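These are the structures, in structure tokens.
One chain, chain A, appears in both complexes that follow, with chain B as partner in the first and chain C in the second.
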Partner chain A sequence: MTDTRTLNEKISFERHTPKILKGNFAASEAAKLCKAGFIPAYPITPQTTIVEELSRKVATGEMDATYVNMDSEHSVFAAAMGAAISGERVFTATSGQGLFYAHEVLHAIAHFRLPMVVCNVGRPSIPWNIWADQSDSLAQRDTGWIQLYTETSQEVLDTIIQGYIITETLDIPVMVVLDAFYLSHTSENVWVPEQSLVDEFLPPKKKKGVEVDGYNPKVIGGLIPPDQYETFEYAWWKDVLKVEDLVNRVGKEFGEKFGRSYQAVESVNINENTKIVFVTTSTITTTVRGILDTHPEVGILKLRLIKPFPEKSVVKALSIVSDDTVIAPIERNFLGGKEGAIIQEMKRALYGKRNFKMYDIYAGMGGKDVSPTTIEKMIEKINSNPDEVIWIDFD
Partner chain B sequence: MLEIRGHARGGQGMVTAFEILAKIFGQMEGYYVQAFPAFGVERTGAPIQAFLRVSRTPILNRSKIYTPDLIVVFDETLLDQVPIFDGLEKNGAALLNTEKPVERFKNFTENIFTVPATRISLEKGLGSKALPIVNSAMIGAILKVMGEKLDIAEKIIADNVPTKPEENVEAAKMAYENVTGPDETYTYIVDAINSNKPKVMSLSFEERSKLEKKHIEEIPRYPEWYGPMSKNKTGNWRVLTPEYHTNEAPCSLNCPAGTAVREFVKLAGEKSFEEGFKLILEHNPFPAICGRVCPHYCEQNCNRKEYDDSLNIGSIERFLGDWMKDYTPTPVEITNKEKIAIIGSGPAGLTAALRLRNAGYSVTVFEALPKAGGMMRAGIPKFRLPDEVLDREIKRIEASGVEIITNKKVSVKEIENDFDAVIVAVGSHKGYTMGMENEELALDGIDFLREFKLNEKTSGIKKGDKVAIIGGGNTAIDVSRTALRLGAIPTVYYRRTRNEMPAIHIEVEEAIEEGVNFEFLTAPIALKKLNDNEIEVTFIKMKLGEPDSSGRRRPIPINGSEYTVRVNHLIKAIGQEYDEYVFGEKIKTKQGRIDFNSKIPVFCAGDMAWGGTVVEAIGSGNLVAKEVDAFLQNKPYDKKSEVLHRAVTPKDIKFEYYPATPRIKNKTHFDESLYMNFEEVVEGLSEEEVVRESGRCLHCGDCFECGNCFNFCPDAAIYLDEKGRLNINYDYCKGCGICFFECPCSAIDFTLGEVEND
Partner chain C sequence: MAGYINYEYYLRQDYRNLQWCPGCGDGAILQAFFRAVHELGISKDDMAVVSGIGCSGRISGYIDFNTMHTTHGRPVAFATGIKLAAPDKYVVVFGGDGDQTAIGGNHFIHACRRNIDMTIIVINNNVYGMTGGQYSPTTPSGFKTQTTPYGNYDSQFDIVKLAIGAGATYVARESVIKPVVLTKYIKKALQHKGCSVVEVISNCHINLGRRNKMKSPHAVLEWIKDHTVPLSRANKMSEEELAGKVITGEFVEVEKPEFTESYYKLCESLKGE
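And then the complex of A and B:
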């Protein structure tokens, strides 16, 4: 398992330039390094600076890509779909309402088996809010996209590069998710790899012979009769089963090349003595890391891959802890259920395997700050008054 | 790890400053940094926060900074608005941009550093006085307090500021050198940056919980708000402030008499004719006369000219003057002992007389001619200004208690024993000479007009006579039109072109319409008597050269272009001067008090001081009356205080909000035969036309309650008070300026001034 703390202590990476970048700028830098050839764009806070910076890069000739301003996110994803059908390496970014609006096309892209990497900078729907929330991307779990959640600007850059390998290997689209502002607008240390290093890892997109070709016309998207429909789903299902291993393999290979390895899940301070395991995603993970020194009984299970859910990795990470360990997902999402999205996935993964006491913690929605003090409150609540579902600050 | 929390206003560059600081530490080996603002949607002027973490170990906290080690305040006005010192670590410090005493903050922390960042930034020309951009200076000061060097920072500052890189670097350097505080560098901060251990917070869990927890009043069901504007007083976001302000209109500003043109037009439009008339009288006692003979500087400067056509202000004024023709004022009581003499009963003398009489002085006006009125009486023909109009406006002044003694040509010396002050306003009734041989063959234009008007003497001009008139001013035009009516064939010879003619434009138009001939770019050089009835005039053709001191192009004779013309009469109208009899010698005259050896103070006004039109003489009379009153009452009088400010210009007007409407023009009637016809040429407007024409006024600089600001204000910060007047609620006005930009008539100012609610 990877611990970014030990990684960051390796202060220098070869063939890299140290920079101070915001998460959004790390995303656009990655899109450039991956030589995305087609970028349809529509602005929405807090994503806007990603496509804004890309438009600058394209306009100044720093990046060779076709950049198209679209009239809506639905059109953005439709254009992305068309470009991917023709074999382009596609990148774009959106957020919140933009992603909700594109929902219909998200299904189509996944079911067409089109490779692409898209960033979503999470924000909720209503009450109107532009701040950090994961309800937008988690509500798209069933569209068939692979979802990877990122913790640092460095991880944003690295995950986009890995994302293109994953998506182009399996022909399943990849969504890289950032927390609004806590990641998108926070300046921090990022090691930016040289172009040649990225080129060695990620070769130009190979044509598979299925792309639309004007000289060799064919029909795509025609009506599929009932007796054939399932064959497509079966083929896709076979590939879905490969995702978790592929994410782990690509993360490992990336580490060999770049010096920073990644896995589907990251286990921090999980051992025989662990009493509480916080299941975290994205930036809240960092703040939980910060309290481990004063709370050695706490461990972290950071989920990087959420869809398809990395069952094997989760079970393996928790295999070491005792049955009386509390598993406590932190949910920066509210989807109208008694529990948040993460605990649902966790229960499904552990069903029939382990029978932990699980508490679900709703926290940080709509950008509410999750500070070290908030984490300490969570620990206190788990220890003192264990309701199955915990809200902070409502007592 | 060191945690810094910054407080500033949106627009001062704090977020950029923290990003630059992050980049500076990012370039130093072995530092982890994290910089971010308190993510909001506020804009310029709103109080904002930004955060910076600098550490030797990985930064394992992504929340806002609640327990800062260093608090940095970019804007000192925030010190009393925002709880700046909340959560400051026990040994933490504060860096304030201020030059004021900081003793009052000592109970928050002993460790206060200050830097005059605003003064430094202004010295370097960064931002404006009201909104200095202090970020570079603050970077310098922060680095000083952190115990870091400035050298790495210089290039990063220069690369990351949008403008003036050198000045920004200098500001950082100056601030770096000008930090004052308890110690040169504060070891707690230096230690915090370089610590390899996790930060230990001095506040307990309970204290931190209390500090971070926001009080939740209720748990609402729907995302709805009742009266949310009243809860969120966004007025403190404002930098520029809109304010209703009545600005100067060009019509009023350009009226030499200072007539409140915009206001009387408004009253006329509301059919408040009497009020409108009385408003004119406050500055101009001759509305019916000026409505007819004035060059209407108001109309010449009317902003509507840039849109369709200027407002017909003259006719509105004329209508009001005629509407109130029977108005007779009652004289005020004489309350002052000083007696004032005024020599000359022209517009300047009579205006001054009326003002001083109404101020409670005894006033006597001496007039050399048999009738009062000065040049209005002697120089303006009846077809432009009927006697009846002139008589009644003078009679109204007499009704106010002004005594006019006619047929009494006096000098200052002759009356100095009987009065306490004298105003000389004898006008310019003596024509200039051309300075050529046989000049006696030429008649003087001003003499001709006077003799004809007062005594009906035609100076020998008969039907069919050829009359040459020399000059291009109003006198030349009036002479030509009078000669025409006597049956003569007049030709005006002018040495420049029509463009340079000083005569009122419309009068020239009318003269041409009536059949007066014009010859331009020609001047007489010799006169010869041919017989009792005929004169030979030699002219030379001219061309225009460089502009002279009057701004008009100088006429230059063309050698060899001489030609002769035979005429029956030659009338010169090349300018006038005053009759020196009044002083006994030719002295230099000017507006107001003049140096003249007399027992009593002598003041001067009217054409002999400046100007040359009725309205300028009225303005001169107004001014001299104020000066005389101030002198007699021993009060200060400052001529400069009469200087007016800038008026609203066409670019300040949003013409798209006004429907295009043609100007209602005066009808002119030229009868079949003008022979011996001295009827008034120009007709006035009807009541209905006056109201309609008044409605064309743009109301430059004066709110006419169109409601655009009310409709456009995106924050509903504009409201109607109980009297239905528009008001701005500054608790909510964010200073977006939309009201200012959408105000059609420029009656809203938008400046850096701060305004409080009434």
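And then the complex of A and C:
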């Protein structure tokens, strides 16, 4: 929903300034608007310009925050954890190998129930590649972070603001994912809200009494015996169940305040005549939008929330289509399995509820361009009854 | 053996897309390395070259040895595996200041401590060059980088002191402006049994010099020249005179039990029991 509305010159948003921003700069702008108080940083392409811009903002006094250059991503996330334990509003960004390296601390942050918003500009691992891919963040699905995927620079900015509400409500960390270069380094129209508008929506971070404060000494992270450990996981699980509704509620409230609303999933052109539903994430969604005029039989199920998977919203969005509709997730990830990550989540969500024919499409890995022609090729392949798993440029 | 070197023999012919900036010091270092290998008459099949991430990391792609381009900061750990599996091979690690003293600092000091037989060439250009010029643990005070846009306020590592303190048994430092001396040090490092560290002060005019009033490679080389003092001369200088200077030369050359040898010796001694 974001792209068509923000690109429309006739639409303007009150108490906003229109700017032309790259996805990375939209992210740093959002961190400033959210008054992040602590930013640990380590460079890694293609994320680097997010923290570079924040470094400038902090150094010039444009932003009142503590900025520290760390010696690795592992240290970045450890420092983020330390600051969050002290009650600071934390922001940082990383990419691909940096996220893989921080894996251990990602678990720790989530298990400590520390609120923070982190941007990941997706890129794959080896062979070395710095271009768009989602295998890095999707490989972190089981670390316990909430994952939100963004399609446009506007959505990056808006999602980070919503992310702080979500993370500080549930004390579960939030990862906002951008596509490398297609989003991180591409300039787009972005409506930047006034500071006062963001302040009305996102209040200063409240301390909950569990933080390190020096006056009330406490032990954080002690050894937990077997009979108590599950208590923590159970409490966490109860909160995980609230994420989907919260994302939808915050997206709606954001819309009331800012004029742009969001949901956990967005359905485009899904109706009783839909024959193929592409399940998309991030920028590939925009490309599929581009072929809808020539392919009215195609619909899009855009996933914004991926972890925890928005089961209810997915089932609801597909409730209108008939059982012979083809569901085709586009996977910009390869995680060593027969199928990509998205179709696994889709099957899990639909199990016992609907029995669709599903094709899994591997495409766009390592930054490979997925053009409208590629999407048309996907439609062709689906219509010619291929194997269940399609590699778009092979065979 | 000195004299003409066919560089093409050492370079991968199918990988000619060199992505280093014109004027980068990495080329001079690579040339010194080839010259050292050539003069020692080491077969390239007897050598494994490992690199991490950064501009220096590309070396493993360009040269026609047994090479590995590994993850950021880890080449020494990968090299440890190679050396233990193939103890009769020469193992060389190329890493930058970021790779070896920031993200991979831990592996670096432990290789020195163990005195495992490998040559670690640390290309110190005082900045994260490949990601576009962020400060590193060796960026001089006051220098502007992308993440210290108003000057670096942080302290620096002295890589030589770090290596000596951690237990490396051959430690030398030279800059790219003296490739002949550099070649000599690399040769000695390759011949030395144990962990050898050669720090090379290199120039990055694109991502360090440009932001610090040294736009050309020449300007950065001049700066390196002005700020380096050979050990022999440094010994005669006072502490005040040496402030802000980097001393070059050979600092340590000692014999100590080598890790791989000690390990296999122990294994041998236990076989009889």
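Here is the rule we go by: the second predicted complex is superposed on the first by the 384 of 395 C-alpha atoms of A that agree within 3 Å, B and C clash if a C-alpha of one lies under 4 Å from a C-alpha of the other, contacts with A are read in each partner's own complex, and residues count from 1 in each chain.
The rule is short, and it goes like this: a contact is a pair of C-beta atoms (placed from the backbone, for glycine too) under 8 Å apart; a residue touches a chain by one contact, two chains touch by 3 or more.
Keep in mind that this is a model prediction, so the values were computed, not measured.
Engineer: Clash or fit: chain B against chain C, after overlaying the two structures on chain A?
Structural biologist: These partners clash in the superposed model.
Engineer: According to the stated criteria, A:181 is in contact with first (chain B), second (chain C), both, or neither; which is it?
Structural biologist: first
Engineer: Who does A:128 touch here: chain B (first), chain C (second), both, or neither?
Structural biologist: After superposition on chain A, A:128 lies in contact with both partners, chain B and chain C.
Engineer: In the superposed arrangement, does A:283 touch chain B (first), chain C (second), both or neither?
Structural biologist: In the superposition, A:283 touches chain B alone.
Engineer: One more residue to check, A:52. First (chain B), second (chain C), both or neither?
Structural biologist: second
Engineer: Using the touch definition from the top, say if A:220 reaches chain B (first), chain C (second), both or neither.
Structural biologist: Neither chain B nor chain C is touched by A:220.
Engineer: Can A:372 be said to touch chain B (first), chain C (second), both, or neither?
Structural biologist: Touch status of A:372: first partner only.
Engineer: With both complexes superposed on chain A, which partner does A:71 reach: first (chain B), second (chain C), both or neither?
Structural biologist: In the superposed model, A:71 contacts chain C only, not chain B.
Engineer: Who contacts more of chain A, chain B or chain C?
Structural biologist: After superposing on chain A, more of chain A is contacted by B.
Engineer: Of the candidate stretches 150-158, 222-230 or 456-464, which in chain B collides with chain C after aligning the structures?
Structural biologist: 222-230
Engineer: Go through chain A and flag every residue that touches chain B in one model and chain C in the other.
Structural biologist: 126, 128
Engineer: Tell me, which parts of chain A touch chain B in their complex?
Structural biologist: Residues in contact with chain B: 4-5, 8-9, 11, 18-20, 46, 126-128, 130-131, 180-182, 185-189, 283-284, 286-287, 289-290, 293-294, 367, 369-374, 376-377, 393-394.
Engineer: Inside the complex, what are the residues of chain B that reach chain A?
Structural biologist: 18-19, 22-23, 26, 29-30, 32-37, 39, 41, 57-64, 66, 198, 205, 208-209, 212-214, 216, 219, 223
Engineer: With touch defined as at the start, can you tell me which chain A residues reach chain C in the complex?
Structural biologist: Per the stated touch rule, the residues are 41-45, 48, 51-52, 55-56, 59, 69, 71-74, 97, 101, 126, 128.
Engineer: What part of chain C is in contact with chain A in the complex they form?
Structural biologist: Touching chain A from chain C are residues 53, 69, 71-73, 102-103, 105, 128, 130-132, 134-135, 137, 146-150, 154.
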